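Have a look at this one.
The letters A, B, C and D name the chains in turn, as written, and every chain counts its residues from 1.
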Amino acid sequence: MNKNQDIVAPTIALPTVNARIYPRGGLDILSREEVARLRDASRGGMHDLLRRCTLAVLTTGSTSDDPRAAQELYPDFDIEVRQQDRGVRIDLKNAPAIAFVDGEIIRGVAELLAAVVRDLVYTAIELAPEYADELDTSGGITDAVFRLLRNASVLQPADPNLVVCWGGHSIGRDEYQYTKDVGYELGLRGLDICTGCGPGAMKGPMKGATIAHAKQRKRHTRYIGITEPGIIAAESPNPIVNHLVIMPDIEKRLESFVRLGHGIVVFPGGVGTAEEILYLLGILLREENAQLPFPLILTGPVASAPYFEQIDRFIRLTLGEAATRRYEIIVGNPEKVARQMASGIRTVREHRLAQKDSFYFNWSLEVPLEFQQPFQPTHEAMAGLDLHHGRKPHELAADLRRAFSGIVAGNVKEDGMRRIEQFGPFQIHGDTDMMESLDALLRAFVEQRRMKIAGDYKPCYEVIA
Amino acid sequence: MNKNQDIVAPTIALPTVNARIYPRGGLDILSREEVARLRDASRGGMHDLLRRCTLAVLTTGSTSDDPRAAQELYPDFDIEVRQQDRGVRIDLKNAPAIAFVDGEIIRGVAELLAAVVRDLVYTAIELAPEYADELDTSGGITDAVFRLLRNASVLQPADPNLVVCWGGHSIGRDEYQYTKDVGYELGLRGLDICTGCGPGAMKGPMKGATIAHAKQRKRHTRYIGITEPGIIAAESPNPIVNHLVIMPDIEKRLESFVRLGHGIVVFPGGVGTAEEILYLLGILLREENAQLPFPLILTGPVASAPYFEQIDRFIRLTLGEAATRRYEIIVGNPEKVARQMASGIRTVREHRLAQKDSFYFNWSLEVPLEFQQPFQPTHEAMAGLDLHHGRKPHELAADLRRAFSGIVAGNVKEDGMRRIEQFGPFQIHGDTDMMESLDALLRAFVEQRRMKIAGDYKPCYEVIA
Amino acid sequence: MNKNQDIVAPTIALPTVNARIYPRGGLDILSREEVARLRDASRGGMHDLLRRCTLAVLTTGSTSDDPRAAQELYPDFDIEVRQQDRGVRIDLKNAPAIAFVDGEIIRGVAELLAAVVRDLVYTAIELAPEYADELDTSGGITDAVFRLLRNASVLQPADPNLVVCWGGHSIGRDEYQYTKDVGYELGLRGLDICTGCGPGAMKGPMKGATIAHAKQRKRHTRYIGITEPGIIAAESPNPIVNHLVIMPDIEKRLESFVRLGHGIVVFPGGVGTAEEILYLLGILLREENAQLPFPLILTGPVASAPYFEQIDRFIRLTLGEAATRRYEIIVGNPEKVARQMASGIRTVREHRLAQKDSFYFNWSLEVPLEFQQPFQPTHEAMAGLDLHHGRKPHELAADLRRAFSGIVAGNVKEDGMRRIEQFGPFQIHGDTDMMESLDALLRAFVEQRRMKIAGDYKPCYEVIA
Amino acid sequence: MNKNQDIVAPTIALPTVNARIYPRGGLDILSREEVARLRDASRGGMHDLLRRCTLAVLTTGSTSDDPRAAQELYPDFDIEVRQQDRGVRIDLKNAPAIAFVDGEIIRGVAELLAAVVRDLVYTAIELAPEYADELDTSGGITDAVFRLLRNASVLQPADPNLVVCWGGHSIGRDEYQYTKDVGYELGLRGLDICTGCGPGAMKGPMKGATIAHAKQRKRHTRYIGITEPGIIAAESPNPIVNHLVIMPDIEKRLESFVRLGHGIVVFPGGVGTAEEILYLLGILLREENAQLPFPLILTGPVASAPYFEQIDRFIRLTLGEAATRRYEIIVGNPEKVARQMASGIRTVREHRLAQKDSFYFNWSLEVPLEFQQPFQPTHEAMAGLDLHHGRKPHELAADLRRAFSGIVAGNVKEDGMRRIEQFGPFQIHGDTDMMESLDALLRAFVEQRRMKIAGDYKPCYEVIA
């Protein structure tokens, strides 16, 4: 990684740098044709996306959490991908000086930068509309996810040891400390971490694991951050991430988590975290996946016990007792979390060996098409949900996740709130007890400040039994 | 690389083994889709090709030189590529036991085996007819060559140090020893070797370099063998080759040599070697390539001096004195060959740096379409040649190469000999002195037993001034 | 590193573990004779020392700072070094469970444990009394320091990049954060850290550097902690230390710092830190060392400026303006500290190259015998000091350091206070202004709570002009 | 390894070079004191030894076998070890140019050169007369052997895989080819080779293994050559050796073989080889070693079968049938040799694990003092031998070895022949059948040209029953 640069006067207040970067790692041996396509893509429709994502990476680890801040603080930042006979050159203009040391870009930042270019370009070129037909099938989507992850070099034929950690990005100090403690205990046991790559519960486990890995003298550590273009600007990759992957959308990002990870730990979070739990249960409760071992642990500090109690109660009532066999709730015991996870992953390893399944990608997990496609919470779609007892648990889980998603949109998202104003409350078909339980859950989130509401909470739906 | 196997009774005399191989290195992280395509290709039209090439690799280093021998000695050998959830499995039936140690395949052989599968499949899938339009342009062909070499992992962004060695596969003992001596001196200077991967002048330089590399404690050594399906069976890769590449045809193989190598050493050989020299001069004498440094050394032991004198005389007469600036003839001095080559490659390095050209692929070299496409020596094609003084040297070189190729075919190749019988001698338009010189060259080859003729040599062409 | 162990019931409250450890790294290839001597030494007079030091290492990173705590919390802890044909086995009884994960010792802790055994045994065997004559000369002591460091594998023929950080072990929160910030900036510039291996200013720089090294993807990082038996129990190595060295006494520890380090950063500390500055100036101001580059930076946050101002004033008055050329004071600017240090170390590198001096040990630095031997602050010794203007600065610096050391002892150390009570105040021969300045400095330390005194500060000496 | 050098005019015919070498690997981190001792030793009594040994290394791989040749061809060669602040510098004057490439020393040669300096100096300094008392005991000698080998870095805690190969240095072409074939089969099975480091049976196995290791892609290969000052000049290390050790004398060299190696293959050789077999049986037949697994295979091509048949017959008659359980004779089957050796070494591994004995040094093998001390074949010593049936086999083996050694000396060594001339034949006390068998063995060696005699063979001893 070389570069030339001139220190230039910052436009506003923050110092900036102009630099030329010759990236490595997948971008160093390209054909002339590929370089040309890369350059064209980066100048064309992809340019703004590229600009936003690279700025997020260049401000990694800066204190502010506000995505708009970065755009405003570095209004003149620009990026250009250029062709050279020897490969690719990335020109940065008015880039944040904090990404540089004595005029030289920090090596880890340069790697993240190359990852952004690599993934956006791969998506633009290899998953372009002309492949649209492939992306219509479940298998085609899974294949696309696989190829993107392989291109990002995160598929390695090593022993299973990857723990995915989910949870809120803005959690309390105690909860954050707890995620660090869990990460530390996981790290002591040689486990690597994969998260959504932002702050909060996505950063804590990596930080704890870093210290534990150092103590255990672990050389090859993986702190994988998987994000998507809509989130990366708001949730800039924390500086510990050493493998960054940008998936094209939320659904492919979720599929990456469940296919890459050998187990999942869920920390307290907002409604998004609850949705993710329902997504996962909707998959794991399918008959096809019944025999697949998949360690899933819900955990938090003692003070956060109510969060998981409510979720647990809601799951029991809606999906039935059997659903609870798929997860374990552990409160205030990081060491136990790590011990259980390590033991669960050993089971995964044995299962994969017995099935001659790969270690690095969970091909056997059945993820149906409806989990791979976005859900748009229109009034029609919401009216089409079927929340009654007696349905197959995984189907119910899928509809509950959709209901959840729609209600949240109706309460806090601009788009959803406008619809409610215009067309009135959603009409949801469902059993009353189930809907009351859902309501109770949402109210609890509001109380715990995990869902931010202007004024009092008022349901945005009506139940039609 | 694991495997299970049963020792089975050999069908004829030679012991064979049944084995299952789980290959690594590019074949270990495949998508389900890719594995399926690989399996289908290996069962379909590609199966016989695959069978022949893998048998060549499995008999690597065995004493016999006769390609048919392998087919006859192992008549029941078969190969099947199978799909497993975890990737690819290669099943070998009645495979030569010499490729195994205590029932376990020799690791180097397994690597060559995986290389065969990798390249044949890449060609079958990625360079299939539906890409035919791409392969109509010179740039498209170069791009295909690049991608095949990259897929074979022989493109590395390291300092230039790759010497291509050309020469005959059946040369005399003294000439063979000389190729070893040159390889030794090249190896002492840290240079790696690339050849056509068979015996003779393709093996000697690698053998010499191996000893020198060991003495210099060189860790990362590259003995690259580039072959093509029509040759591999007859010229089984020598056991030193640690990177094997199978290009789809002779022209792409030649282009690989000139784009990968940083310099070329030509040892004595048959008419094929003379053709290769004309191929290379036809490229290097183009105006576009005039400024490109490209070390080219013709060398052999003292006793082989006449071979190069005749070639040199022929080039001077046909292409002019200027053409001789592109090569140096060194006789009986391996150390000088190595010193000159090392110095020439340093110049290549500086030139690439100055031009910001890549170290691993000579993009700047202009190889026109007619050098990338096969030449069919029909009577029409031969009559179309224009061998007169006054033409541009590189065009004349190209036509001379074709004339050469056609005349050789007319003398020794079944297909060509039949045509001559049927339609009479080729009618070649050319200046008399040039054709006489060509004739003298061919006669000398016959005398030196470098071209094998049944009976007396009789020209198969007539000159039309 | 293997081990067997049984979890046993803790004697008091804290859980303990019995374990067997087979150490690596210098202890793995021993002769039978060496193993026997090691075992004997560990059972004989060295046993208590070994027990205390290993307990310190096993409680690494635990929250308590109180050394006695460890001894009281693990009263039944014991260690035995045993002989096995294959080498050394260390048996731990009732060892702190916090050093273990699921019954397996943390690898980093095991390394520190092996380092303790290695160094204590080397000192006991190789620097035993029978070598006493060697240790009477300055060269002999330096040689012993060299051999101990080499045996600890901290002498590496790599480029100069080792920054020694000095400062207090119990500093304020702001000062601690500042040491982290400086460590971070040093780490960003590829510099490694060496400290006294305890908490406070000995931990902060390592912690900051760890994060920076991760960001810069630095693979081979060195966090060297150099301690001695009298300190290690009280200042347990922080968990980041990956190279631990236990020197036999304070003087050899100080010599290790100045011969190993390529530059020194001094953070605010107590009187000990002030003494260390005088030790270093006493060496650097010698004519023999005048031409040796040795970057020395005194730095702290803005709020700590007074500390260095007082020291600076004291040095100017006593040793003269010229002495200040040997150091630079930087306040509140971690980035500048790192830039200056990196630049200073580049000068060191060039100087060593020009002098053909080694990179890993500063042989050229003249450290006279009186700096290598302990100073006992008896009344006679104190009366022998000569604190008058006009002396050579380095001699005056040495005597000032001794005066300082004696006065501190008279004020706060049990032994010294008893002597004062018994024989009255020290009689120090010195110029009045110099002694007043010394007095002012001490009073400032008391005010800033850097020297802890029961009751009011009362000088324990009388000046005799 | 750097160097400066001037090409100088050769004194006689062969080109020479002056060079300065800065060695690595154990000589790079020395104390000033050590460097001074090294320099003094190399100038003092050790200088001639050092000069001879380094010249042997510098002419490694040259065609001539005659040690005197080297001395005569390079009469002005000299070496000086010099002190530099940064470590050691070796100055070579009029050194053979064949050890250099374009003025730069071949890296492997430089390593062997550093090994020579390292071992001679270690012996001169660490095993000097003042340690004589230590070397009076069996344990002390074993300890010295251990420390010398450790200092040479050949003790590695890796899995047992080291095969010692013994046999003649001037053997026939077929026998040489056979040693290569066996080395090849050993290498295919991942085994490393240790020999006496000269030509013939000491080179062949390494050469074969090199090719096999390359085919098996074995990265860390060990070709250990163990020699001693009296032999190295005559048997210059072959160029494949990558670990050279110079033991102080023949007995320590033999002890190194039996303690380092995990199994021994004996090829046909001269009388020296027969002596080595008796040495080994004298050790293995001791009761203390009865339970120790130690694979020992005697092997050669079919044509060499008589050699081992005679030895076998001699052993049966003298030491009894039981002795033959300690070895296996395999004729004309390299693959079987390798399979048996690999299997034997697996047993060694299990035994060491069970006994917790080290992998890298056979501490458990009992080698008594008389095997560690030289035998001087005076008439008194020969008369003291006791070659009667009924003695313990290992004692008889020891005496047979001595008798053998004395008789060979009396027949072919200048010193021994003179004694016989002066004092008449040796008077040996022994049973007639045993002595006749010995006689038959010697006559066979003469016939097979394995012992070179001027004129007819005439016994140099008389039997006294």
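Note that in this section a contact is a pair of C-beta atoms (placed from the backbone, for glycine too) under 8 Å apart; a residue touches a chain by one contact, two chains touch by 3 or more.
Only a predicted model underlies this, so the values are computations on that prediction, with no experimental measurement involved.
Among the remaining chains, none touches subunit A as well as subunit C. Each chain gets a centre from the mean of its Cα atoms; the one farthest from the centre of subunit A is D.
Put simply, the C-alpha centre of subunit A and that of subunit D have 64 angstrom between them. Chain geometry summary: the mean Cα position of subunit B and that of subunit D are 45 Å apart.
Separating the CA-averaged centres of subunit C and subunit D is a span of 49 Å. Taken together, the touching pairs link the chains into one ring where each has two partners.
Inter-chain contacts occur between A-B, A-C, B-D, C-D.
Only residues 61, 101-102, 106-109, 111, 188-189, 210-211, 214-217, 219, 239-240, 242, 339, 342 of subunit C touch subunit A when the two sit together in their complex.
If you check the complex, the residues on subunit A that touch subunit B are 28-29, 31-33, 84-87, 139, 143, 146-147, 150, 155, 157, 352, 355-360, 363-364.
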